[in-house]
Amino acid sequence: MSFLRKKWVILLLLWGVGLTLWQLLSLLYGPEVLPGPIYTAKGGLELLEDGSILRYIGISSFRVLMGWSLGSLLAIPVGLIIGKVDIVRTFAEPFLNFIRFIPPIAFITLFLVWFGIGETSKIALILYATFFIVVLNTLTGVLSVEEDKVRSARSMGASEWQILVHVIVPATVPYIFTGIRLAMGTSYMAIIGAEMIASNEGVGYLIWNSRLFFRTDWIFVGLISLGLMGFLTDRAVGFLGRKLLFRYGVVSSTSLRR
Amino acid sequence: MSFLRKKWVILLLLWGVGLTLWQLLSLLYGPEVLPGPIYTAKGGLELLEDGSILRYIGISSFRVLMGWSLGSLLAIPVGLIIGKVDIVRTFAEPFLNFIRFIPPIAFITLFLVWFGIGETSKIALILYATFFIVVLNTLTGVLSVEEDKVRSARSMGASEWQILVHVIVPATVPYIFTGIRLAMGTSYMAIIGAEMIASNEGVGYLIWNSRLFFRTDWIFVGLISLGLMGFLTDRAVGFLGRKLLFRYGVVSSTSLRR
Amino acid sequence: MAVTSPANTIFIESLNKSYSQHTVGELHYIIKDVDLVVKGGEFFVLLGPSGCGKSTLLNMVAGFVSKSSGNLRVGEAEVGRPGRDRAVVFQQADSSLFPWLTVRENVEFGLRMKRIPRKERTAISDKYIGLVGLTGHEQKFPRELSGGMKQRVQLARVLSNDPAILLMDEPFGALDAMTRKTMQRELASIWRNTDKTVIFVTHDIQEALMLGQRIGIMSAGPSSKITDIYEVPLPYPRDIYAPEFHALYDRIQSHFDE
Amino acid sequence: MAVTSPANTIFIESLNKSYSQHTVGELHYIIKDVDLVVKGGEFFVLLGPSGCGKSTLLNMVAGFVSKSSGNLRVGEAEVGRPGRDRAVVFQQADSSLFPWLTVRENVEFGLRMKRIPRKERTAISDKYIGLVGLTGHEQKFPRELSGGMKQRVQLARVLSNDPAILLMDEPFGALDAMTRKTMQRELASIWRNTDKTVIFVTHDIQEALMLGQRIGIMSAGPSSKITDIYEVPLPYPRDIYAPEFHALYDRIQSHFDE
Amino acid sequence: SADAKSEGTLKLKIADITTNPVFRVAVSKGIFKKHGIEAELITFATPAEGINSLFIKQVDVAYGADFPLLNAVSKGNYSIISSTGTATDANASEWKLFVRNDIQSAADLKGKKLSFSRGTFIPYLWDVYLGENGIALKDVELIGQGGFDESYVALKKGEIDGTWIYGSVLKEKFGALQEAHELTDMSKTPVRLGTGLIVSDELIDSNSDQLVEFLKALDEASEYAQAHPDETADILFKEVKQPREATLKDLPNNPWSIGFTEKAYNGLVGQKKYMIDNKIIEQDFELKDKLNLDLVRKAFPDRVIELK
């Protein structure tokens, strides 16, 4: 009990020290160089008053959630197929290991051309950002299914299709979930790229547009919004996963590797 | 034997089909929209002839390698400390889980302000992109060290410092290595952002600048270079790890989760 | 008591298995020229040192691993692939049970694959869950059970499919000494109440003597075969301090002392 | 033969251990009021069902786990933290050996921590590697060894530190039946050639009788204690078919049948 | 930074963009050196970013269009020291308005979706152009875009109905569009796009003589570029990968004439009024205070107007 209380005190102290340091540094270097917490809060308030920051967060969240869920929905069957069918895997693996080094932002022009300047291309960009992570994780999951499970199902008379549906897929759920959760991080990362495309709204737009007018305080507000959005959705996804996918052995993990 | 030969035939066939499809699609949409393999090859040749693409690859690789190695070098001790010292971890974990959703590109303006327009800011951006992944993996590694290892070292008379150096660090090597290798991927992703900062050279610059001139072929050349660079360094790092860190149990893994 | 029946008799003639090794060029046999007939309803134990090929032989009977040459029949039918007539109990319950299903769902898996109506399924699973002494634990997940209980689930799961043959690969190898003794006693009594053929793999001489009607001794690999077969004419449940038990123990032990 | 010496005598008086549970409020004892004196040079076996608290008691003697109340001394000294006088052999060799060190390096670990010069170290490790029968395997890594060989490495590693007391927590629990018998025989003979005190934890009655001079029976938890202590006046190496062995086996077995 | 005054050589860091040939020619042909300037070019993606770098003392001189220039001088102690003389009719005629085929006259733009590049003068241009044709800004929808590749695709697909573009590459691309045609160009509007040079007041105080030389060097470099288009195209391809054809076509439309003309002044005035009206500049200021024409007057006395 007293340890717990002590922990909170120390934590508060540490955060206090952190904030003070931030403010001091900002005073030292000037708000242009490092917008301090007070200056940032002012900028945030400005954006809060006219409601724009909340609208931006809403819009960006919508885009992220759309791109992320569509990407995951597409990626899961693709990952299952790549994992199950050897010849597809031989073909796809070098390709996957090649394309995963190409950042979403590099595809802006192409996506524009393919999907236009509306919501589609923005969502497609986020979809791209999440797709390969989920595919790779699903694939890893399929390859990690214990041979014993498949063997026992087979000797209990399950058909190959039944094995896929009743063994491979449920056994892969924890991997798929990890993939989906990791992809969540990347999709927030891709929002700036996505909102470089023909948009007048969104957190990514805020960050990018503030560059032009050198509003470092707004950039900070944008960064903090992004961090918070990511943090909260990650926790929410983790919580839902723990509740809904409990039987598949999805457990909480606070610090995820990216 | 015959299976192996067959595999190669099928693989060649599949790649052939892929390339043909790409070319056909490009003919359908026009090279503006989708530069086909032939058109891309021509653009690549143009850049190869005056040596610029090789120079760009060299410059970008240098930036990536610098940022990545500095980031890793910094991140390892930080990860060890966060993993070992409970109070630091309590403070740092929410912060880490917050900041990992903020993409490197969001920091362009701030890094410009902090580190100037030279190489420093570009390298710093890549450093940022790799830092947190390596920290999170190192941290996970430290937390995964089996209690038995620490206990046995302790009962053989090792001091706390000796335990850190002779038990925790070597036991964490495989995690650190995974982190470093994953970070490699992200650092290639960050190069476009890094080379948006006041530069007129590099693969990221090529991709970004070619938008201005509608040179979709050059964009593709840039993308392919990026993919190849990433793929090859990833293999090289994997190979080195396997050879040099063999005793720490670092083994090859073809498909890495991002 | 067990009743002999030709449909669950296993015929093995000059059976060979080698994993061809390209690089060496020579054929390396895991098991070579194995001849064995396990009569329907018999409890046959396969005893041999680690790595001699016991699992390989069992997996060939199960249809998981293909033979290199020789004959392998169950009743009249050539063994080619896994079948519902041959159920397998694996050593690692963790890797063969489905962790996302409850005890009851695990036990009913084979029935569900056969699309047996729910009511019938419940009746059957009730029966076998009762037989292995797990009544009251139907709603638990495997992760909530002890090692011994998990093995009981495996047993109930295969029994509910009513196979003619039970193939058990060191099913009690991972249990603690006390649980192991209990499970041996119960397996013998379950077997005596059905007419199933059992092949039971172990490397524990005492366990072999507790269970088997006949014990086949496998020589150490490579090219291992069944060198001797001992009849165990003792009544169940067996007493390890009976002089005949002791005598057989010493005779079998002498095989491995050399 | 073992020589009694006060410095390696273990005194346990009214020892209690509870992991306090905030939420419940009541104190939940793992072990309660344990009294025990293990004389210097004695081979003492702790026998009890799974989960009764054997490991907890052993870990308290090792200094890994702090006591809740009571007295716990080795010789004259209060036990507070791990010490070089009390070496521990863990059940899972995999989690306690250092996989990045060769057999020799593992054995020399404690000596290296004490900064013993290389030549002296080699002499000592040669001696103990020979004693456990691993000569010729000095340059191998743990992953290249079988389970039994790994436990030999653990044994050599702790012996090379010349501790007064050996604490062994089911060291042979993970080995196959045959290897286990061999290791028991060898441990008994190694012990008889030194003057070390041994506390050996097991739940295998036969193993307890093969090894112990005295066997302490622990009752099932919670609040478990040592209920009975049996003297085993049989000479080493012991014969499991000796009538006295048999009689003792039955007497001890009856404790657990109830 | 600009402190090395020794032996009359001035070190300058100049913010440049990829499409501008003048600075690069001045460097590679040794023109800066001849005038005692040791220049380092820093390439930015947009002029706005280059000008922003002034604030953090990463560059000494920046160059850009009226819009970012005004934005910058409103924020601190910086002055516009010259215009590049590109606020001409010829240059303005290079700004083309491309519209979808269903639009045949300016009046048809009512209720349409029109593109603008973020952080540029285009909204101002729309304001003026539409105003002249009797359409209020609120009767159209302005869509902000990040690049011309974007407006190209959007125009082709009908996701926007009109866009202003500049330069030969774009003119060719947009001209080839089946779905769109050129409606007019900017020379038919009163808007002239000036570009100018901006430095800190501090630098003017300490190094005014060298800055005069700097301006002379720029004029000379531009003349050289006009006279040697092929060489200029090679320099640009080598250094920033601008395709040669693009340089060759654009170069004749972009001769720099260092000075400060009436047109340049009027451009700034109109632009500033728009920015203040639309709250892009929060704090109004006296334009004259932010113009320092002494240097350029010393360099080219006959090309500078008197400010009233």
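Brief remarks follow.
To keep things simple, chains are lettered A, B, C, D and E as they appear, and every chain counts its residues starting from 1.
Throughout what follows, a contact is a pair of C-beta atoms (placed from the backbone, for glycine too) under 8 Å apart; a residue touches a chain by one contact, two chains touch by 3 or more.
Keep in mind it's a predicted model, so treat the numbers as computed, not measured.
Steps from chain C to chain E, taking the shortest chain of touch contacts, total 2. Note on connectivity: the fewest steps through touching chains from chain A to chain C is 1.
Interface comparison, B-D against A-E: more C-beta pairs in contact at B-D.
Centre to centre, using the average C-alpha position, chain A and chain D are separated by 49 Å. Chain geometry summary: the mean Cα position of chain A and that of chain E are 39 Å apart. If each chain is reduced to the centroid of its CA atoms, chain A and chain B end up 18 Å from each other. In chain B, the residues that touch at least two other chains are 32, 109, 113, 211. In chain E, the residues that touch at least two other chains are 49, 52, 56, 147, 149.
Among the residues of chain D, none is found touching two or more other chains.
Pairs of chains in mutual contact: A-B, A-C, A-E, B-D, B-E, C-D. By the touch criterion stated above, chain B contacts chain E in their complex at residues 32, 47, 50, 52, 109, 112-113, 116-117, 196, 198-200, 206, 208-215, 218.
Across the complex, chain B is touched by residues 7, 10-11, 14-15, 32-34, 87, 90-91, 93-94, 96-103, 105-110, 113-114, 132-133, 136-137, 139-140, 178-179, 182, 185-186, 188-193, 207, 210-211, 214, 216, 219, 222-223, 226-231, 234, 254-258 of chain A.
Chain contact summary for the complex, chain A toward chain C: residues 146, 148-149, 151-159, 162, 166-167, 170-171, 173, 247-249. Chain E contributes residues 18-19, 42-45, 49, 52-53, 56, 58-59, 147-149, 152, 169-170, 173, 237-243, 246 to its touches with chain B in the complex. Residues of chain C that touch chain A in their complex: 62-64, 81-84, 86-88, 90, 92, 95-96, 98-101, 109-110, 112-114, 141, 143, 157-158, 161.
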